[in-house]
Amino acid sequence: MVGLSEGEKHFIRGGITQDLRTDGRKRLQFRALSVQTGVIPQANGSARVRLGATEIIASVKAELGKPSILHPDKGKVSIFVDCSPTAEPMFEGRGSEELSAELSVSLQRCLLGGKSGAGAAIDLSSLIVVEGKVCWDLYIDGLVVSSDGNLLDALAAAIKVALSDTGIPKVNVSVNAASDEEPEVDVSDEEFLQFDTSSVPVIITLTKVGRHYIVDANSEEESQMSSAVSVSVNRHGQICGLTKRGGAGLDPSVIFDMISVAKHVSQQFISLLDSEIAAAEAEEAEC
Amino acid sequence: MKDRHLSLNQTQRVRLEAALHELQSLAPAAASAAAVTVADTIPVNQEDNILKGHGTSDQDGEVVATLCGVVERVNKLVYVRTLRARYKPEVGDIIVGRVIEIAPKRWRLEINFSQDAVLMLSSMNLPDGIQRRRTAVDELNMRSIFEENDVICAEVRGFQHDGSLHLQARSEKYGKLERGQLLMVPPYLVKRKKQHFHHLEQYNVDLILGCNGFIWVGEHVVVGEKTKPTGGQQRFSTEAENFTPLETRKHICRLANAVRVLSALGFTLTVELIIETMEASVSSNAEINDMLGAEFYVQTAEREAKRRADLLRKKNGAR
Amino acid sequence: MEYVNPLTGFRVDGRRPNEMRQLKGEVGVVARADGSALFEMGNTRVIAAVYGPREVQNKGQQVNSNEALVRCEYRMAEFSTGDRRRKPKGDRRSTEISLVIRQTMEASILTHLMPRSQIDIYVQVLQADGGTRSACINAATLALADAGIPMRDIVTSCSAGYLCSTPLLDLNYLEDSAGGSDVTVGILAKMDKVTLLQMDAKLPMDTFENVMGLAIEGCKAIASYIQECMQINDLNLSKIAVPTMDITQPLKSLTCCGWMAFVHCIAVHRNFLGLLERPMEYVEGPVGLLLSPKSRRPQNSPSHFVGIW
């Protein structure tokens, strides 16, 4: 993340004002998106998403665990993000901890809903095996392999694709277990239940530069931002989460405007992502 | 070839492979004979006093390569020319760099070399143009000439004893670069030529091909206005409406995308090739952003293959 | 558990005892790095990225200013192993492997050619299935060659073990955790020197010699594969980059510059005309054109000549 000179910043601001960014995109245009599924065979589901030069690998692993006492009828999901130093030398050692923590928390907020689990994008009650005793723990891991801006959107897209690739093994519970004993579960190797990802949202980050907003900022444009609002929208146009970053204050009317722009852009992005997922799955089926 | 983030469909992949294959077959046959990888022995005639140049080392009396590349022989000198390495400076090179740090009486620049380059205050023209001794006041006002993160065009003056590079920017054509964008490509794609500053009149654009792989594409600035002292932030905020005009901006973006595509394909960058690629995009009515897409990528490869084939045919016909 | 089938002699994954897993190496996977490589040994997948040589960031770490500073970091992705690891970085195993890789590569890099600079090697494990140490070293070698950093020799590494009274080459995770011994060897391929040797569990001496010999054979096989990868990659790049010379160009510039300059060129550069007929880039044989870096080239001459520095 090298700094930019005043002249270059001026040029970028001018481009955004004139609706012609440095690589020729319009303000609300995404970079080239490419999707691959099944990249990590050991995981239950995995995906690799490239948005321009940003590359993310996401994997979903399911393990059997005990549900929490407060919510005995829900499974557990946890999301972690790691930034690999191969992407940027400054991610070495503990350099990436702050960024990883921020990304993880933002994703959790957008995908998992509140503390009670209400409003989560993933139906947690579908993860339960035996109520109160056994449930599935989903561990979603994102790895940033190459970073060129807009990590949050790419991570959310990668997680959505990985979840659509996830297969939870079917579990047969032995019937004759006593009520206070640990039941025996038999995890099947053959049958898998595909995850329902129709309600998993995507995140659209709108970066405000000057008086205009842009979508999918690369790292140069991100260094220019006064503030950024990340809106998580699902297929039905409902907002699942909202995060504002950046030091500059925003007028509430501006935020409402940004939300409506994000909703509009997200519908196109969701349909693009769905077609890419379908293409990737078709390709995987061929292999 | 390296930026594989393009998803090509089947037909595009086939066309790309055909074009690349043709390009490889057109290269002079001597190339494959002289290619060498790390720890390969270089065949030399033992009787001559061979000078072992860069990329070679002496092990047990044999000349062994330490790099992957092509063996070059000039008279008694044998060396290995590698492709994908950091910039290798030569005196007199024109380079583009970014200021990292301001140190006493000098600026440190990052130029894609193993060390930062140094631009002394005395190697820089003062804003008022008078040739005089630099005083302490000048030293305190260094930031008014160049700040951190500024992009500067300069020339390599020489090497210091510790291997670091010294630059000079005394001429009018060197200095701060503004109103444009900086691109980074592998240094081996920029060959040393007579001219590195290109003023493309028809587009009103300045194109500077730095030998270190930093390429500047920007709005044309009349020579002589470059080294004016800036008021920093305030200058730009008052000129908020003074952005680059849209037409020039379109040309700048097209040229920049042409450079990106050519460097992704691995073709040597020359002004003619860049302009040709850009004009092909205009004539095929491709959107500026589509120049970074798969279709244009494949088309550029095909065009270059055809051009080289024609050139070879002409050369063979002329013989 | 039968790691080697007594009847057929096949291992758990169908290999013979002296057979290595499938190798796959790819160069140039991280665009931003100076050099990068992806290396796969069976199911173990590793990405290595090299940044450098560049200016030393932390002057306190630089011990010897006549040599380059080599730094290395090893990281495993959380999803790389079968059971999910928490805290994949900063734990003792990662620190130890980072140190091991750094020492192994430092033995081969010609650090005295790049004084006052630093070379960073970052290794990220995507999938771990035994032999991660070796895969990391092999990937780092490819990445360093891709970055154009001069090396004494190719460093390769392979592991071998001893189970069911048979020396086994290239253990996977199952065989590694079987409790038998695991010998990891890293060698400088052409010079035939060992730079890394680690072993756990115990082995009688003569068995150890057999196992180590087997590992060294594996290393040599990997070295020839890595050389192939480098050759293919480099050849493709050089063929595509270098255009067949624009022969018209030097002639054009000749007519542009004045007659005096032409005479000057002829006087200064011998074999000038002889040079024009050949493609410029591959100059072989006794072409007499040795330019020292200090001599300033005459302004009007075409600078196609091979400059020596």
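Order of writing sets the chain letters: A, B and C. Residues in each chain are counted from 1.
Here, contacts are C-beta pairs under 8 Å (C-beta built on N, C-alpha and C of every residue); 3 or more make two chains touch, one makes a residue touch a chain.
In UniProt terms the chains read A = Ribosomal RNA-processing protein 42; B = S1 motif domain-containing protein.
None of the values given here were measured: they were computed from a predicted structure.
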Practice prompt. Counting only chain pairs that touch, give me the topology of the graph as line, ring, star, complete or other.
Written response: complete
Discussion item. If I count C-beta pairs in contact for every pair of chains, which pair wins?
Written reply: B-C
Worksheet, complete the sentence: Cα centre of subunit A to Cα centre of subunit C, whole Å, reads 34
Fill in: Centroid spacing, where centroids are CA-atom means, of subunit B and subunit C in whole angstrom
25
Worksheet item: Which positions in subunit A touch two or more other chains at once?
Response: 53
Discussion item. Two-or-more-chain contact residues of subunit B, please, as numbers and ranges.
Written reply: 3, 5, 110
Response to the item:
Flagged in subunit C as touching 2+ other chains are 31
Fill in: Touching residues (chain side subunit A, partner subunit C) in the complex
40-43, 46, 53, 57, 59, 61, 63, 80, 82, 84-89, 92-94, 139, 141, 143, 145-146, 148
Practice prompt. Show which residues of subunit C lie in contact with subunit B when the two form their complex.
Written response: 28-29, 31, 34-35, 52-55, 68, 110, 114-117, 145-154, 189-191, 227, 230-231, 234-244, 246-247, 253, 279, 281-290, 293-294, 296-297, 299-300, 302-304, 306-309
Worksheet item: What part of subunit B is in contact with subunit A in the complex they form?
Response: 3, 5-7, 98-99, 110, 147-151, 176-182, 218, 230, 232-233, 236, 239, 243-244, 246, 249-250, 253-254, 256-257, 260, 287-293
Worksheet entry | Touching residues on subunit C, where the partner in the complex is subunit A | 30-33, 36, 43, 47-49, 51, 73, 75, 77-79, 81-84, 88-90, 120, 122, 124, 126-127
Worksheet item: How about subunit A: which of its residues touch subunit B in the complex?
Response: 2-15, 17-18, 20-26, 29, 32, 34, 50, 52-53, 55
